[in-house]
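Here come two complexes built around chain A, the first alongside chain B, the second alongside chain C.
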Partner chain A sequence: MLRLESIRTAVNNVQFNRFRFWLQLFFFVLLVYGGYLGIELGKSLPTFACGYNKEGRGGMCYLMTLQHQMEWPWQKLFSVAGLTVLSTFGIFYLWFIALNKGWCGFVCPVGTIQDWITSLRRMTGIRYSRYSWGQFQWLAQIKYVLLALMFLIPLAIGGGWFQKDLKSPFCMICPGRTIIPLFSADFSQLSIDFSSKTNMIMTGLGLAVTGLFFIGSFVKKRFFCFYCPMGAFHYLLSKIALLRLKKDGSKCTRCGDCFRVCDQEIKVIADDVTQKEIMTDDCIMCLKCVAACPEPGALKATFAGIPIFASTEEGFIKRMNKGCSDGK
Partner chain B sequence: MKNVVVLLLFGLMQMSVQSEVFWLSETPPSKKATALKKEPVASVPQSEHAGHLHAQLAASGVAASGVAATAGGKKHTHGGGAEVDADGEVVADNTHSGKKQLWLRRGDDARAAAYVSGMQGSLILLGQGGMLPEVTLADEKDRTTVKLDLPELGFYNAYWVQRAVHEGMLHVQIAKAEVLHGTCCAKDIDEEAVGKPIVNRAAELELVREHYSGEGLFTRIVSGDTINYTVLSRGEPIAGAKVTMISHKGWRNSQLSDAQGRVSFTLIRDYYPPSWLDFKKRFKQSYLMTAELELPELTVEGATYNAAHYTATLAGNYYPSPYDYRSYAWGLGIALFVIVFGGVSIYLYRRRRIKPYQEVRVDAKA
Partner chain C sequence: MVNETSKVIPIQAVPFARSRQAGEAQTVLDHIVDDFQDNPESMQYFYDLFRRVYCQGEDVPHEGMLVGTTCIQAPEELIYAFGATPMRLCNGSYHYDQKGADFMPSKSCSLVKATLGMLNSELVIPKIGRPDMIVNPTTCDQKKKSSSMMSDMGYKVYDLEFPNVKESEASRVYWQRSVRQFAVQLRELTGNKLTRKNLKEALNKTGRAQAAFRKLHNFRRKSPSLILGKDAFLVTNAYFFDDIGRWTAAVEKLNEELEQRDKSGFKAVQSRAPRVLFTGSPPIFPNIKLPLLIEESGGVVVTDETCSANRMLYDMTAVDEWMVSDMVDSLADKYLKPCTCPIFTKNDDRRRRLLDLVESFNVDGVVYQAFAGCQVYEMEYRSIAEEFNKAGIPMLYVETDYSPDDKGQLSTRIEAFLESMKNRRKRRA
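This part shows the complex of A and B:
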C-alpha cells in the first residue's frame, strides 16, 4: 500500500510538461516514422496519422478510411459489404475508448506540431491570442459543420450526385495532409492540382488552410483543434470511454487556474462546480488543468474509474516553481 | 523501270509484313472499333507448330530474371479508382483484380489497331512460380480474346505465337503481354520479389521491361518516364535488334539494342486535349514496343529456311505526368500569401489596440 501511495504521489507530482513533451515526441515518431520500422497499427486510428505519409506512417487516420468507405456506391455500401464499414468503425471505437480525447492531447501529430509552434512563439516572447466569449461560442460550431460535410459529401459521391474528384473532402483541406508528409521529405502535397476545377479548388483550399494553420497556431494555442471534426466525432462517442476527466466541485475554489492554462479556453472547467464529468467537446484532454489545479483532488483523470493523475498542492507548487525557474 | 517496280513491290511487301504485327492488349475494344476478319496465311500447319512451340516454351520453365532493375525513386502512386479510355469513357481500374482479359490486335497503331477475330490457339502463361495452364483463345463479340484468372499477386507474362512461311522465309510473331495482379495496399508481401520481371528462356525473341526499383505492385508509368527494355533470345541478350516504340498518337522512335541487349526510351507527352477542361489526369494511353530480328539460313525442327524474321511485341499503358497538371509554385504561393496576410493582419490588429499614452490633467482647484 505504501509503495502504491508513493507511486501515486510521484505521478501526481510529476513534471507534467516534460512528461507530456516526451510522450508526444514518442507518439510523433511512432506515427510519422513507424512505417520505416515495420510498425503498422492499422487504418482505424482515432488520430491524424496521415495516410498521405505513404512511406513512414505507423498507422492511418480513421477519417481517411471512413471517407473512402462512404464513397462506395450505395448498392455496395448498403449491402453485405457495408459490414466492412461497421467492422472498421468497431476497431476505431476500440482504439478510441482506451484514451478518449487523450488521443488529441497526447498522441495526435498535428496537435504535437501545434505545441511545437506554440513553444516557438513563447521563445520569441510574442504573446498569444484568445477568443472572446462570443467568438468562442460561434466558432465552436464549425467542427460539427465539417463533421457533417465529411459524411455527407462522400455519401453524395456514392449516390452519384458529386464527382469523384471531391473524394476525401476533409483530407483535401486537412493541414495534416500537407504537413505530415514533409517530415518524410515528401513535398508532393504542397502542389495545386489543376487537372480539374474541383481538384484545383480543393487543393487550393487545402494550402490556404495550411497557411492558416501555421499563422493560427503561432498566435493561438492549439488553433486547429478547435475546428477539428475528429474532436467533434470523439465527443459524440465518448460516453463509455475509459479515460475520463472528473471534477469534485466541493473542492474547487474557483481560482480559475484551470481556465487560464487551458489551450482550448474552456470556461466550463472553472465555472462548473456541479458536474462530475467535466470534459467538453472542445477538450483535448491534455490534463494541463489537472496539473495547474492547486486544490487536492479537485480535478483528476481516471482510467476505468481508477484515478491515475490528480491535482495536488505539492504537485502544483513543484510545477509552479519549475515554471518560475524556467522564466528566469 | 522493271527493277523499280520490283523494288517497289518488295518494299510494299516488307511494309505489309512489318505492319502485320500482332500484339496483345488489355484495353477493351471501344464501341467504335471494328473486328478484322481472319485472313489465311501461307504457313506450316498452325496447330502442329503452335503446339510444338508451346511445348518448347513450357519445357523451358521460368527463368530467374537477370534483368537489372532500373534505378530511380519509388514510383508507387495511389490508384485513384477510375481511368479514362481513348473514347473518353470512364472505366474502372482493375489492377487489384486477378481477372484480366486480353485481346489480340493487329497493326502497329497503338491507339487504333484492329481487334482480330477468328484466331485460334492458346496463350502460354508464365508466373513467378512457373508455367500456368494454357488458356485458349476464343471469340467474344467478334473479337479474339482470352480471359485470365491470375491466382496470386504479381506479374505474369502471356505469349501468343504465330508462324508463317513466305517464299522460304520463316516469319515468327511472338506477342507478349505483361499482366499485373497488383495491389496498392500490399501487406506482408515482398513486393520486390513478386514484382520482378519474368524471362522466358524458350522465346526466340522477347522484350523484357526493366522494372523500376521500388515499383512494387502498383505503379503508373507516366509520360516523361524513361523505360528500359532488354531484348532477349532464349534468355540471352541480343545486340543489334531493332526496337521501336510507338506512342499513343503514333510517334515512333527506333533504336538498336546494345551489347547487353538494352534499349532505353523516353515516353513523350502526346496528350493534348482540345481544351484544358477536357484534360483527364487518368487518361489511359497505350504504347507498343516491337523488336525485330533477322537471322540467316537456319533449320528449325527439320525444316530449312532461307532466313528467319522474328518479331516480338509488348504493349503497355501510360498516363499524363503529374508535372502536366500540378504546380508547386501556386501551392506554395497560396500558403505563403495566407501566412503573410494573416501575420500582417494580426500585427496591425494588435498595434491598433495599443492605446498611446495620454496625459491626464486634473484641475485640483475646480
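This part shows the complex of A and C:
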C-alpha cells in the first residue's frame, strides 16, 4: 500500500511536459516509421497515422478506411458486405475506448508535429496568438461541418451523384496526407494533380491547407486540432471511453491556471465547477491542465475509474519551478 | 517669560518609542507574546521584527524604488522584476484611523482611514520611507476615492484599473491590458526594462514565498493545532513590509519547527478547543483584536479567508511559455480569477472557498468580521450566512472597527459563541 502511494506521488510529481515529449516521440516513430520495423496496427487507428505514407506507416488512420467504405456503391454498402463497415468501426471503437482523446494529445503524429512547430516558435521568442471568445465559438463549429461532409460526400459518390474524382475528400485536404509522407522521403503528395478539374481543385486545396497548417500552427498552439473532424468524431463516441478527465469543482478556486496552459483555449476547464466529466469536444486530452493545477485532486485523469494522474500542490510547485531559490 | 518656562521644563520632541502609535503597537505585541504559552521559538523573528519596526520605529530597508500598494491586486512580481520593492500600505493602527478620519465620512472603513492617516503623517509606521509611487487598484469605492486624496498629499498615484465583474471574458482582457499598462508605467518610473530573466526571477521569489506559506497553511489543518492563529496573522502581516527573501526563510524555519511539533505530538491548544475560520475584513497589526479575543477565550483560528493572509498568498501562477508576454498575462489572470474579494458582482467563489476551508480544516464555526463602513463585506453577510446555515455551520457576524472600546462587549459575544460550539460538539459526540 505504501509502495502504491509512493508510486502515485512520483507520478503526480512528474516533469510532465518532458514526459509527454518523449511519449509523443515514441508514438511518432511507431506510427510514421513502424512499417520499416514490420509493425502493422491495422487500418482502424483513431488517429492520423496517414495511409499515404505507404512504406513507413505502422498502421492506418480510420478516416481513410471509413471514407473508402462509404464510397462503396449503395447495393454493396447496404448488403451483407456492409458488415465489414461495422467490423472495422468496431475495431476503431475498441482502439478509441482505450485512450479516448488521449490519441490526440499523445499519439497523433499531426498533433506532435504541431507541438514541435510550437517549440520552434518558442525558441524564436515569438508569442502565440489566441482567438477572441466570439471567434472561438463560431470556429468551433467547423469540425462538425467537416465531419458531416466527410460522411456525405463519399455516400453521394456511392449513390452516383458525385464523380469518383472526389473520393476521400477529407484526406485530400488533410495536412497529414501532404506532410507525413515527407518523413519517409516521399514528396509525391506535394503536387497538384492536373488530370481533371476536380483533382486539380482538391489537390490545390490540399496544398493551401498545408501552407495554412504551417503558418497557423506557428502562431497558434495546436492550430489544426481545433478543426479536426476526427476530434469531433471522438467526442461523439466518448461516453464510455476508459481514459477520462475529471474535475472536482468543490476543490477548484477558479484560478484559471488550467486555462492558461490549455493549447485549445477551453474555458470550461477553469470556469465550470459543477460538471464532473470535464472533457469537451475541443479537448485533446494532453493533460497539461492536470499538471498545471495547484489544487490537490481538483483535476485528475482516470483509467477505468482508477486515478492515474492527479493534480497536487507538491507536483505543481515542482513543475512551475517554485520552491527553488531565486533565479535557479 | 517664555524663555523662563522653557528653562524649567524643556520641551523636546517625544522619542518614537514613547509616541501613541508605538504604545498601541507595544501593547498588542506584548499581549501576543506574553499572554500565551508555548509560542513557537521561530516566531521570535517575527516578534522582533514587529518590535523593531512598529515599537522602536526602525527603518524598513528596501532595494531600488519603493512602490506602495493599497490592495493585493497590484501584481508585486512586476514591481520586483523592475528592481523596485513593493510595500503594502494597508494599515491597522487605531491612531492613524483617527488621524485619517478627516479624509473620509465618519462611517467609513477603518482600514482606508488608517492608511490615509498614515500617509498623511510625519512618522510613518512601518517606517517605510516615502513611496516613489503608489499603485491603487480600483477595487472598492473607498479605495477608489482615496486615490485623489493621496495625490493631494503629494504622492504619485497610479490607478490600476480593475474590473468589478470577474467571470466575463471582456473583464479578463480588460484586466490583462491594464496590467500591461502598469508594466509600462513601472518602466517609466524605474527606467529599467522588463526581461524574461528578471520577471522569471521575480516569479520565483514570490513562488518560493507562496510555497512556504502553503506549507504553513497545511500544517494548520492538523487537529489539535500546532500553531495559533494570532501568530499566523503576524507572519502574513510581516509579508506586507519585510524583505521577501528573509520572510520566506523565516517561514521555512517556522515550518521546520512545526514539523518537529507535529512529530512530537505537541498541542498548541486543548484538543477540545473550537476551531474557527476567520473571514471578512482583514486583521492587520496592531488591529488583531478579534483573532486575539477568540484565542484568549479558548478557541483557535485555524484558517482564514482574508486579504491580509490567505487570499494574499494562496493562489499560485501557472505559466505555459516562459516568455514576458505569457508571464504577464498569467500574472494578470492570477490576480483576477481566483480572487474572492467582495467587490465583485458575484460571490460564488467566496462561498465555495469558505465551504472548502470549513471542510478541509475541520472547522467548528466561522467568525465574520466586517469593519463598520466596509459596505461590501456588510452586504455579502447575508448570502454567506445563508450558505453556512444550509451547511449547518454556526457563524458569528461581528461589526467592529479599530477602536478598542467594544472589546468587553465583543469578548462576551465570542465567549458565548465558543461555548455554544463546544456544546454542539458534545451533543454530536
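Operating definition for what follows: the second predicted complex is superposed on the first by the 321 of 328 C-alpha atoms of A that agree within 3 Å, B and C clash if a C-alpha of one lies under 4 Å from a C-alpha of the other, contacts with A are read in each partner's own complex, and residues count from 1 in each chain.
To be clear about the criterion, a contact is a pair of C-beta atoms (placed from the backbone, for glycine too) under 8 Å apart; a residue touches a chain by one contact, two chains touch by 3 or more.
All values derive from a computational prediction rather than experimental measurement.
Placing chain B and chain C on a common chain A by superposition gives a fit, with no clash between them.
After overlaying the two complexes on the shared chain, residue contacts for A:G102 are found with neither chain B nor chain C.
Which of chain B and chain C touches more residues of chain A: that partner is C. By the touch criterion defined above, A:G59 reaches neither chain B nor chain C. When the two structures are aligned on the shared chain, A:G111 is found in touch with neither chain B nor chain C.
Once the two complexes are laid over each other on the shared chain, residue contacts for A:K251 go to chain C alone; chain B is not touched.
Applying the stated contact rule after C-alpha superposition, one finds that A:W133 touches chain C and leaves chain B untouched. In the superposition on chain A, contact of A:M320 is made with chain C only, not with chain B. The superposed arrangement places chain B and chain C with a least CA-CA distance of 10 Å.
Overlaid on A, the two complexes show chain B and chain C touching no common residue of chain A. Across the complex, chain A is touched by residues 167, 169, 197, 200-201, 203-205, 207-208, 210-211, 214, 218, 245, 314-321, 323, 325-326, 329-330, 333-334, 337-338, 349, 352-353, 355-356, 359 of chain C.
Of all the residues in chain A, the ones that touch chain C in their complex are 122, 125, 127-128, 132-133, 249-261, 267, 270-271, 273, 288, 292-294, 313, 316-317, 320-328. Residues 74, 76, 78, 81-82, 187, 276-277, 279-281, 322, 325-328, 330-332, 334-339, 342-343, 346 of chain B touch chain A in their complex. Listing the residues of chain A that touch chain B in their complex gives 40, 54-55, 129, 164, 167, 178, 187-188, 190-197, 203-204, 207-208, 210-212, 214-216, 218-219.
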